[in-house]
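Below are two complexes that have subunit A in common, paired first with subunit B and then with subunit C.
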Partner chain A sequence: MIELLAQTGLNALYAASYTALVAVGLVLIFGVMGVINFAHGELFMLGAYAIVAVYADWNLPYLVAVAVGMTFVGIVGLGMERAFFRPLRDNPLGGLVASIGFLMILQALVSMGFGVRMEHVPPVTQDVIVITEKVRLPVFRLAVILAAVVLLASLWAFLKKTRFGWALRASAQDPEAAALQGISINQTARIAMFIGAALAGVAGALTAPLISVNPHMGHSVIVTAFIVIIVGGIGSLEGAVIVAVAYAFVHTFVTTFFDGVIADIVGLLLLLAVLIVKPTGLFGSADRA
Partner chain B sequence: MVAKMFKNVLTRRSLLGSGAAVAGSAAAATILPSTAFAQDKVVKIGFLAPLTGPVAAWGKPGLDGCLIWGEWINAAGGINIGGEAHAVEFVAYDNEYDPAKARTGATKLIREDGVKFIMMLGGDTWPGAQPVADRTGMLFSTLLPSDLSPDTTTLIAPCEVHPIYNVTGVEWLANNMPELKTAVMCAQDDALGLPSVATYLAAFEAAGIEMQYAPLLFDPATTDFAPVVTRLISGNPDIVCLDTCYADYVHPICEQLFQQGYGGQVISCTADFYQQIVAKTSEEFMEGFVFQFPDFDDPALNDESINFQMPNEFYAEYASRYGADQWGAVSWEYASIMDLWKAGAEKAGSVEPDAVLAAMKEGGTGLHAFGEADWWGKDLFGIDNALVGNWPVVVIEGGKATIKEFRSIPDWYAKHGELLKKHMSAYGQMWNQRT
Partner chain C sequence: MLLELRAVAVAYGKVSAVRDISLEVPDGRIVTIIGSNGAGKTTTLRAISGLTRVREGEIHFAGERIDNLAPDRIVARGIAHVPEGRRIFPDLTVEENLRTGAFLRREREAVQRDLEAVYDRFPLLLERRTQLAKTMSGGEQQMLAIGRALMTRPKLLLMDEPSMGLAPKIVEEIARIIGEINAQGVPVILVEQNAELALELADYAYVLETGSLALEGPADELHDNEHVRAAYLGI
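Now for the complex of A and B:
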């Protein structure tokens, strides 16, 4: 039983790592721009397809492919900010609808470029750390966990220690007051969109060798991310990280000891319970709810 | 890469540009010789299956196979209806495995395109198309006989008797590896997964193989299968059964089994694109993997009893066009259904749905791809509209799928039919339990 618990804990750590990356990006975009980006799952998908193109098709090193994926998806985010979200800044519903339309465009473009079938991504490494006969941690999964920790720590340092980070936080707290202090709303929106999209892209790129890469893969990721950011409190980065870890552990343990369908139900019940008890989410504030 | 993109752009345009009509036209442009047939001597066949989305692996390869079938038939003089040669043209509609789109597609194919027969994957999409079938009397086919009921008089399952044929794989395992005593199973919780769960449970019980615990169901939206696999192998089972999981699940589950150190027997309904699984795991890990869908370059398919035109050549043509690693469970199946439909239409001297159906079922037997078979199913589906006979058991050996044996489904059912009905009832999968 101890071995089963240990293996399940390792599985949960991995799930928490990529879920946190996606959810934090989604929260950052909402926090600064006030837009619910429904196309966030498709940005995750684009990151995975960057791996298909650069690593699987062009045979370039995997780390190069991850860097390309993160940068490319960040640039796509910049394009979304300029094309959709900035013109619709005063119309949050318009931004939401535009992101829904854009997710369909991205799915169609990827289907046109790569086809509709699942893509094959060769394994980066098949090495496994054998802790006991029943407790194993594939080296690649460990790498994904470490990469997520480094990226989230870097984001935290950026937000807390740099002028751009202060500007982002100020814009997220009160956009009008931030503008009166000379902070460019357009610039903070661009930075938030680039970072938020790049985080989704790098999550897709990191996990691509472990999951089925197809044009519709963003759907399940975005559902989980929405549960996480609603429970954590929309707009709260700390909430997104903590709830991503908690949700991943609950979902993974329930899947292992009961089944995956019950795990989904438990996740939704948690969401309902939090909304009833604390409608702003565990770490959210009333003005962002 | 660039060539791949352009190739896929064309394919995708044909599907998305202006819907199925464009796809049909593109298909027709490919398969119709320009001078061989008069304009009005064309029989249109509807292809209403998922061509995009997570279930596309059980639709798109079938359309690809049909295009080859159509080219060959047209090149050989077409279909002989009442002494006149007719060309065949496929009109595709992507239902995205969505019942509402299946209904729209069925209506469009019948009213606008004038098709005479519609092939579907079935499953979750059949309830969408059924009202159209009831209203128009159109002949439909499904790969999933679990769609059949006494009300579906114009729906036939003439090729694949999913999931009943899965019993042959378990029976073969029990006969050849009697040391395997315990099993576990996982499945997605949907119209494809659940009847297959019931069938495997019956097959394991009939074979005296004990289930360590109840089948582990997962949401079709699952992406990370590590927790599922950890649970599956926690009790050191002799057999891990992957039920009828989609290719998008079979691949990561196998990879997880490999990474978590499982060394026992794996059995699955399908192993689509299994070369990619071998690449992600190892040849040693995949050695002995049992499933139900052969590659058609298998020499065993050259036997006289096989009713599929030039299977080895068909596979070679498919592999040269789309790649051998794109061969999947359904690559040949829709084409095989067309063989049966063509024989029925030529026998009836008509392409009208009721005449073809009567001709196909005449005498209660038919020529299934894997040999002579019976129209069967009243016991389980409430109607004898499934063509059931032998089915192959396929094992991966040296990284290649190999047919080990053809086993009789009716023989198994004669001995263990009550077990199957018991488990189907427990999972609410009998025809009179479905809503």
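Now for the complex of A and C:
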């Protein structure tokens, strides 16, 4: 029993790592730009397809493919900012609708380019760390977890220690007051969009060898990310990370001991319960809700 | 003339907020705009700092036209705006708030000197430097907002209702600080509902009524003006 719990805990940690990357990017974009990016799951999907193209089809090294995926998706994010989030800045609902349209375009483009079949990405490494007979941690999963920790720590350092990090936080708290300090709204929006999209892209790139890659794979990720950011309190980056970990544990344990559908239901019930007890989310403040 | 507004009009949608505003700020002076709630004082300041679009007219600052530049470009030219309600960044520390004011400045040593000068002026902020700004009282937040504006190295300081919601003793303190800043060579546009305070501090005053200028003149003359006394000084 203890071994099953330990194994499930390791699985949960892996699920938490990529969920946190996606959710934090979504929160960053919402915080700075005030817009909900519905296409965020498709950015995750694009990151996974970057692996299909660069690693599986062109046979380039996996790490190169991850770097290409992260950068490419970040640039797609910049394009989204310029093409519709900026012109629709005074119209958050318009931005949301535009991102839903863009989500469909991305799915269609990927379907045209790669087909709708699931893509198989060859494993990067088959090595497994055997902790006990029944508790095993594949080295690749460990690498994904470590990569997520490093990326989140770098983001944290960027936000706390650098000039542009301050600017981003100031913009998220009061865009107008930030503009009065000389912080350009266009610039902070570009930075937030690049980082947010790149994090979704890298999450997709990191998980691609372990999951089935298809044009609609963004859907389940975005639902999870929404639950996480609403429970965490929209606008709170720390909340998003903490709740991503907590949610992944609950979801993975319920999936293991019952099944996946029940786990989804439990997740949504938790969301409802939090909204009833604390509508601003666990770590949110009233002025952002 | 340091700042000049020529027949400026601003509208929110189809609703006109201010029209035909012409005013001048000479270097080194304190100019005040007084008027009742909704007269267009805040709108005028927002037009100067680029937060609100100017629909008609021109704004010139230090010889260059600045109307409808982006707010960050206007800050770069030397206009700092302490907004109504202070608008400090609640979840940044006091020092982080002050440093955002220096966002556009690259000279590290000069920024450090200015930071120390702000702490000298407001010793309270030094005590609280690692505290989150939202945990401070209204008066302290106003000092932080002024300190943050000073960190931009302004050539002109816009202040919107600095006395709002503060205890009389703190208002006196803020008034003293505004006088001090001006005495060190920074011209100020002061927007106030507290006309008594504003006319006492300012050299020159404009009176705004329902979106247009009703009266202007040297502050001490307006202080003795019958209409101003009846409408704004409650005498």
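As a convention for this text, the second predicted complex is superposed on the first by the 289 of 289 C-alpha atoms of A that agree within 3 Å, B and C clash if a C-alpha of one lies under 4 Å from a C-alpha of the other, contacts with A are read in each partner's own complex, and residues count from 1 in each chain.
As a working rule, a residue touches a chain if its C-beta (ideal position, glycine included) is under 8 Å from a C-beta of that chain, and two chains touch if they have at least 3 such contacts.
All values reported here derive from a predicted model rather than from experimental measurement.
Visitor: Pick one for A:Arg163: touches subunit B only (first), subunit C only (second), both, or neither.
Guide: Second partner only.
Visitor: Once the structures are superposed on A, label A:Gly115 by its partner contacts, choosing first (subunit B), second (subunit C), both or neither.
Guide: first
Visitor: State whether A:His219 touches subunit B only (first), subunit C only (second), both chains, or neither.
Guide: Only subunit B is touched by A:His219; subunit C is not.
Visitor: Kindly classify A:Leu4 by the partners it touches after superposition: subunit B alone (first), subunit C alone (second), both, or neither?
Guide: Only subunit B; A:Leu4 stays clear of subunit C.
Visitor: Quick check on the superposed pair: does A:Ser17 touch subunit B, subunit C, both, or neither? Answer first, second, both or neither.
Guide: In the superposed model, A:Ser17 contacts neither subunit B nor subunit C.
Visitor: Which of the two partners, first being subunit B and second being subunit C, lies in contact with A:Ala177: first, second, both, or neither?
Guide: second
Visitor: Please work out whether A:Ile211 is in contact with subunit B alone, subunit C alone, both, or neither, and reply first, second, both or neither.
Guide: So A:Ile211 only meets subunit B here.
Visitor: As a test of reading the superposition: which chain, subunit B or subunit C, is in touch with more residues of subunit A?
Guide: Per-residue touch count on subunit A favours B.
Visitor: So in the complex, which bits of subunit A are touching subunit B?
Guide: The touching residues are 4, 7-8, 11-12, 14-15, 53, 57-58, 108, 111-118, 120, 122-123, 126, 128, 130, 133-134, 136, 138, 141, 207, 210-212, 214-217, 219-221, 223, 251-253, 255-257, 259-261, 263-264.
Visitor: Across the complex, what residues on subunit C touch subunit A?
Guide: Subunit C reaches subunit A through residues 49-51, 70-72, 75-76, 80-81, 83, 87-92, 96, 99-101, 103-104, 148, 152.
Visitor: Which of the residues in subunit A come into contact with subunit C in the complex?
Guide: These residues of subunit A touch subunit C: 163, 166-167, 169-170, 173-174, 176-186, 285.
Visitor: Spell out the residues on subunit B that touch subunit A in their complex, using ranges where they run on.
Guide: 1, 4-5, 8-9, 11-13, 16, 51-54, 56-57, 60, 189, 216-219, 221-224, 226-228, 230-231, 234, 247-249, 251-252, 255, 258-261, 273, 276, 279-280, 282, 325-326
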